[in-house]
Amino acid sequence: MEKTCTDELPLAMNSSEKRETVCIFGTGDFGRSLGFKMLQCGYSVVFGSRNPQMSSLLPNGAEAFSYPEAAKQSDIIIMAIHREHYDFLTELIEVLNGKILVDVSNNLKINQYPESNSEYLAQLVPGAHVVKAFNTISAWALQSGALDASRQVFVCGNDRKAKQRVMDMVRTLGLTPLDQGSLTAAKEIENYPLQLFPMWRFPFYLSAALCVFLFFYCVIREVIYPYVYEKKDSTFRMAISIPNRIFPITALTLLALVYLPGVIAAILQLYRGTKYRRFPDWLDHWMLCRKQLGLVALGFAFLHVIYTLVIPIRYYVRWRLRNLTSTQTLLKKEDPFSTSSAWLSDSYVALGILGFFLFVLLGITSLPSVSNAVNWREFRFVQSKLGYLTLILCTAHTLVYGGKRFLSPSILRWYLPSAYILALIIPCTVLVLKFILIMPCIDKTLTRIRQGWERNSNYSKSPLNGKTDI
Amino acid sequence: MEKTCTDELPLAMNSSEKRETVCIFGTGDFGRSLGFKMLQCGYSVVFGSRNPQMSSLLPNGAEAFSYPEAAKQSDIIIMAIHREHYDFLTELIEVLNGKILVDVSNNLKINQYPESNSEYLAQLVPGAHVVKAFNTISAWALQSGALDASRQVFVCGNDRKAKQRVMDMVRTLGLTPLDQGSLTAAKEIENYPLQLFPMWRFPFYLSAALCVFLFFYCVIREVIYPYVYEKKDSTFRMAISIPNRIFPITALTLLALVYLPGVIAAILQLYRGTKYRRFPDWLDHWMLCRKQLGLVALGFAFLHVIYTLVIPIRYYVRWRLRNLTSTQTLLKKEDPFSTSSAWLSDSYVALGILGFFLFVLLGITSLPSVSNAVNWREFRFVQSKLGYLTLILCTAHTLVYGGKRFLSPSILRWYLPSAYILALIIPCTVLVLKFILIMPCIDKTLTRIRQGWERNSNYSKSPLNGKTDI
Amino acid sequence: MEKTCTDELPLAMNSSEKRETVCIFGTGDFGRSLGFKMLQCGYSVVFGSRNPQMSSLLPNGAEAFSYPEAAKQSDIIIMAIHREHYDFLTELIEVLNGKILVDVSNNLKINQYPESNSEYLAQLVPGAHVVKAFNTISAWALQSGALDASRQVFVCGNDRKAKQRVMDMVRTLGLTPLDQGSLTAAKEIENYPLQLFPMWRFPFYLSAALCVFLFFYCVIREVIYPYVYEKKDSTFRMAISIPNRIFPITALTLLALVYLPGVIAAILQLYRGTKYRRFPDWLDHWMLCRKQLGLVALGFAFLHVIYTLVIPIRYYVRWRLRNLTSTQTLLKKEDPFSTSSAWLSDSYVALGILGFFLFVLLGITSLPSVSNAVNWREFRFVQSKLGYLTLILCTAHTLVYGGKRFLSPSILRWYLPSAYILALIIPCTVLVLKFILIMPCIDKTLTRIRQGWERNSNYSKSPLNGKTDI
């Protein structure tokens, strides 16, 4: 819906003012798309090319020249050329002296070369100001205007003025420049478009491993066991019944794992008596992917909800219900109503629904545009208070689901307990630890540590310390 | 996912250009985090501290000096110090003369002091240009780069140039500055991070009150009444059956309350014959929290949907179905199929589903990033046309649900009608009033009033008035 | 939640610096709201009016003058006047010479006048620098601060400096300026707020047509046919049963239509042997509204899910289940359990759930704020890989739903096959074509074409071509 420049070229520029000229080296897809966009936004564009006369596909209004001729016409030169072909630039060192070279290149693999393309370019043409930019933008998106993916242009460079000019250009094109610092950042920026959900990898593999383990666990208990002892073919359970055990267990475990690192961190701080020591790397990484863990858990919870709602329309369930009723009628046996069963059944369903509702709220709050609209205190309130409430409700849902069966030994098959009991281990651990941590005496110490107090520090004995500064 | 500066420090700055130096007073968490971020983004950072030699936790590359020494090295001084310790600044008045003081402080309570921290600072150091900024950003978020909550930095100050320099700095750090005007705005900015969902408070309390009232109403009708007259224990209904009455009633009432203030405003304008008089404060406030009212209503509608879908897997429902079928079979009584019952049952369900679907659409459109992508006419179309359609569908859903039972006196228990009848009062009122307002004669007058026409004004008799200007 | 200026007027400006003055022509709603906002943000505001002494509703702190007097006080003049009343400006040509005229006007219809209001204004006052801006912002939103709809201000103009000054002003007001190029863009900008979901029109009409066709198709097969042959009144099926056939068929067809244009484009490129020829217009348009097609499909899928989950609480279903059980019991006929039926029933449900889950994921990823947070490779991965997986799962869901009945002739009624068979035509076509396209030999050619290789081009024979440039 959003367009930043008109689609028609502003050919009828009756502006008195002379337009800024930008030079683009390379007439590939990206170079042409960028040139097209720049012409739309009021720039004058010249292309530098090996075969200027062959460049027939250039956007209307742009002209192609040989590299040195094109370079002379502008202060800013956009390098839309693959790194492997940078060599010819060595011949242009004099022409390029003092110019701003915008490196838009990407590689095919992460860390393909020892140094980033931009740093390599800066070595080749030491007199020029190299600025990295535009590498995360796609040619197709530029030309079609359908910038569904990111509008963010990561910019870095050693010369502040050069960087500033490039950032202004980015803004004029309707994109959002983000200053990433000096040219050493180029390596990271070049790796960025090659990454595929780096923060999601750990939650994804973890949940996949959990699912596979639980699948075999449930198949053993619910398919192989009845087959061995009763010669009953229950393989059809693998389509819905068993997934509907796997999903809630994975969801609850992942949700608990969202809150476990916070608890571990608190215990570490209490043990060390200071907050001024770095956490181990695994804990840091774990804390940074808590949001992703929670969202994967929400996905599994969502699947669990639909798998559960679908129960009454399954053939097996209808068949069993018909047979049960039929048998009951034929035996003329009254089935007395059990209020306690009704209570148990209704409460575990109600707890589950409320837990899922809060879980969905948490998920919505983690949408970037929603979390941007709340202040820090509100975000903390939702993610911490509401998060723990969700964990408590979902754990209670599982506990009440177990209900009377909980410790009945008849439930063991080949010494394996019901799968839902596995789901309770981590959540109950987290809740018990958290309960201990919020007890007044411990909470008080923890709060002091978090305000900067240190147990074994002379420095901390100064009465003002940790309170003066923000 | 978004990073604005490299995580590695750009130690190998081979930039010819001298970097800008920023001074930070105070070596607390926030001061250090901000310093760390600034170093990453290419600034030179010096800290001012009471004990410069004790400050061992400073980020790599920053140095600590005494306050006056640090202040001398930079034009911009960030005051990462609690308000209570501002006093020492009086000794530095001369050093600070003409400098930009960036006040990042927050208080513990809303309106804790008579004047804002920034105005207090401006009084203490009259020669400096005080700019309020960064107080809504968290230290943890700055350091970890995980800016999940707001990236917005509210900036205010009396000196435009000072403000501009601070805003440029904010942008360099990858954050979004929002100019809030002069330093009188500081009070509001300081209160901002202390607020906890101020716009949600009214909808929340209103719906809580409604829920409690309806809960007792339903308990009396559905638990106490059968217990008194039939000695039947129906307490288990409190887990699902009764909530599933409370939630839809609350949802429908809140949804109607979203549209009621617009209707009242129209009536007020018709009565007054002008749009140029302010609405009463309660109406203004009500109109501003319509979005929140609607979203709370959507939450209740969502709960109602899941509570309803869950019905067939409840123990009580299965038990009753079994017994019903059993009895029917034993009595060999044919249960004839009633087309009208099928129509009634299917239509109220279908109306409910369609109403909920539109309601979800409304909810999605109110997400900040979605409403940002539509133009004003589209937003109005969705929120007004689609909103009324949702209200009509949901009211019809409730009416058809009542169906034949609607006016049957047998439904009264202790003179209390069915709960769903309460749900219809406000929606039907709103729809009837709206229907009257859109009748051509009234609508025409209202449109004229909204275009600026006034019934009792000489001024309005000028033929051009209200039409010339936008 | 977001406020960009204080609500109180900064009357106590103790700033030493002189504030910038802005002149607003016209004291209508929009003019006054804009003036109010500007005063809040620290500007000095003067109004130009026909009757300066009548303008009693101006915001506090602003003064009204006659047009020429007001114009003299500022470089920037905001034209909050309808186009029809621009004529009087001809008398002010001298006063307006060299000034920046900000045209905020909108029309009532798309393409109401041959030239845009801004170009018309530029012709009337040739000496002034006309800049188009603010026309997409609503007066109400400006005044209330509740900018729920777009914060984007589209700016265009021929004079770069004038445009820059207006864009700075837009930023100061807390809005986001988007440079749209020269004044020729004004026509498009003026049409923008008059559009009503232009990209949604094609998906909407297409799905409406599909729904109507399928409705009559199903009514013939499921209501008229049984009535003619069995005198059975099945009209009640029109409330839920028939919609629950229409919705999934429409959803699956639309989802397949999202991927069809990509397949057609690939075939065209293969056939032409080059990617450097434009696609036909209908294909271009189709490709640009794929996102909308997909979201409409998701809406229908959502409806299908709820319509399905609601099945067991319908009167008709409960009645049939009771009668079935009753009959079975009375006949003392055992209903043997069929594992293959259980497998079929459970797998089509499971496939449907997983397909819907991925579909919801696709929908979430297309939210603007989410797609902004992923890089291009991730976006492509989700929209292409996950999209095809969704299509495969949903097609498999429909195929397994058909199951044994698939080719049974008894299912034909008046030679019409079951409706679900219609749903399979387009998805199966798309999947078969895609399967052919990803076969190694064809995929290799296609990849070469997409990297710039041309089958019938001398130019392409140069070994380096298409590889040098990005």
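We call the chains A, B and C, going by the order they appear; numbering starts again at 1 in every chain.
The criterion applied here is as follows: contacts are C-beta pairs under 8 Å (C-beta built on N, C-alpha and C of every residue); 3 or more make two chains touch, one makes a residue touch a chain.
Which protein is which chain? UniProt says A, B, C = STEAP4 metalloreductase.
Keep in mind the model is a prediction, meaning the values are calculated, not measured.
Asker: For the homomeric pair chain B (STEAP4 metalloreductase) and chain C (STEAP4 metalloreductase), should the interface be classed as same or different, according to whether the shared residue numbers exceed half of all numbers used?
Answerer: Here the answer is different, because the shared fraction of interface numbers falls below one half.
Asker: Please state the rotation angle, between 0 and 180 degrees and to the nearest 5, that superposes the Cα atoms of chain A (STEAP4 metalloreductase) on chain C (STEAP4 metalloreductase).
Answerer: That pair's rotation angle lands at 120 degrees.
Asker: CA centre of chain B (STEAP4 metalloreductase) versus CA centre of chain C (STEAP4 metalloreductase): separation in Å?
Answerer: About 24 Å separates the centre of chain B (STEAP4 metalloreductase) from that of chain C (STEAP4 metalloreductase).
Asker: Mark out which residues of chain B (STEAP4 metalloreductase) touch at least two other chains, giving numbers and ranges.
Answerer: 1-2, 152, 309, 312, 321, 325, 329, 367-370, 372-375, in rising order.
Asker: Would you pull the chain C (STEAP4 metalloreductase) residues touching chain A (STEAP4 metalloreductase) in the complex into a rising list?
Answerer: Of all residues in chain C (STEAP4 metalloreductase), those touching chain A (STEAP4 metalloreductase) are 1-2, 152, 156, 158-161, 178-185, 188, 199, 276, 288, 291, 305, 308-309, 311-312, 321, 324-325, 328-329, 332, 335, 337-339, 341-347, 349-350, 353-354, 356-357, 360-361, 366-379, 381, 452, 459, 464, 466-470.
Asker: For chain A (STEAP4 metalloreductase), which residues are in contact with chain C (STEAP4 metalloreductase) within the complex?
Answerer: 1-8, 10, 12-17, 19, 26-31, 40-42, 50, 54, 57, 80-82, 85, 104-106, 136-138, 141, 144, 146, 148-152, 171-172, 174, 192-197, 233, 235-236, 239-240, 243, 299, 302-303, 306-307, 309-310, 312-316, 318-319, 321-323, 325-326, 329-330, 367-370, 372-375
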